[in-house]
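Naming follows writing order (A, B, C and D), and every chain is counted from residue 1.
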């Protein structure tokens, strides 16, 4: 299935390690920043500070993150990063990520996040993913 | 099963994010640094520069990393980190990680690495995990 | 002058870059985490959440950071890190840092921070460094 | 004096800390990645792997880094980053950096790097900044 969203990320010097390749944690940083770029492209933000109904800020803490590393990437590589919407529950959202350099698969992973209301002093409460984001994501969910 | 190795990690200010909690990539950094501490405790290093047979350096590139986040950790938390040896193949090693703060499970994950010979100019070749490390790890593999 | 506080930091794999040495930003991370360890040793925390007079949280945003890099450090190096109290103003605190591996000077730097009251929604206001920390630091200021 | 090179950087979630603002080390990461982008714009790379005369790789280790933090930046801020060539010696290069968000000065700093030949097994030797880069930088040096 084609990606719901694609972007690119450049491997920076600070992203490399003494093995001469990208450090594996960089993929998780890139996945997160691409997720946020994807949410912005849908008209929202991972940190929705002023919801229209004044009910408190919305955040998306991570529940699980996973990545497989297939081929090394090096400094100044331009990686193509595709996002698919693997699953949407009431509160939870699982996005899939695929990193490619040209035709070479570099890494692929997924992250499960939970839509939460952030109440100062009272922590996080899982809430239903709000409209219109819910509808937009629903159209993008992968069909088997 | 009890952990094969335990250590502690402190949550630093730079490890936190604007949500006020530890950033999820910190767990992966901690898993990697604890893995290296574990290997040192077994008399080797993740970067074995001078193998006794002079056959080139040994490295342990990651093949897969995964983590589930159960409860947030905050600045200055002292986390207990337990490592179990989940599986050892000819070249591959899968370690499990469990982060606790007192009785609270904070996160648990696993990383699969592959023992490789690093030949300058020729890249990485998977090799059998060398003795005596192989024997030491074998004694620590979890039995169902 | 002898350091007011000394600690050690180990160079982790994730701290290195493709040049095979510690990435320069690591020194700034280590300086910050050592500063916090130093403040804890004086009975306070860089994030004082519950001041005794209930007047709001205290924080220490950075005003300036500087570091000179003299000799490279590599993976698994154990660095000795000494802190000196270079200057204390009404609100500001300038600490000096020196990294050594044995007799070798690796890097030295300084950071100027400002003691601020953090009022939710109203941002940061510089305040006088509170007692008893002020007195403790005063005893440690370097005399020419 | 106008900048010799300008670019933009977005503040990512992972760049923030529990104070709700950009972590100060992020500025140093951005300075380094902008320096590399600047060098690429001049037709070279910070890691020149195959110099035309076959004399070994060229690298640019940092000698000093400094930054002053004037105003906080937050998640999703788009920062304008201007680079000036403050000084060029035989081997050394000092670049100045200014971060702005619209008309607001966020931070400004400088980094001094040294052009080095990297000889495997023999470490780093400072060398004259090679042409044609030397000429290009010379045209951009700030005149008082």
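The rule we apply is simple: a contact is a pair of C-beta atoms (placed from the backbone, for glycine too) under 8 Å apart; a residue touches a chain by one contact, two chains touch by 3 or more.
These numbers come from a predicted model, not from an experiment.
Greatest centre-to-centre distance from chain C is found for A, with centres as Cα means. Chain A and chain C carry the same sequence, and matching their CA atoms takes a turn of 180 degrees, rounded to a multiple of 5.
Between the CA-based centres of chain A and chain C the separation comes to 34 Å, rounded to the whole angstrom.
If you average the Cα atoms of chain A and of chain B, the two centres end up 24 Å apart.
Each chain gets a centre from the mean of its Cα atoms; for chain B and chain C, those two points are 29 Å apart. Multi-chain contact residues of chain D (touching two or more other chains) are listed as 13-14, 18, 21, 25, 29, 32, 47, 75.
The touching residues of chain B, counted against chain C in their complex, run 12-14, 29, 32-33, 36, 40, 45-47, 75-76. Chain D contributes residues 13-14, 16-18, 20-21, 23, 25, 74-75, 120 to its touches with chain B in the complex.
Contact residues on chain D toward chain C in their complex (touch as defined above): 18-19, 21, 24-25, 28-29, 32, 47, 59, 61-69, 72, 118.
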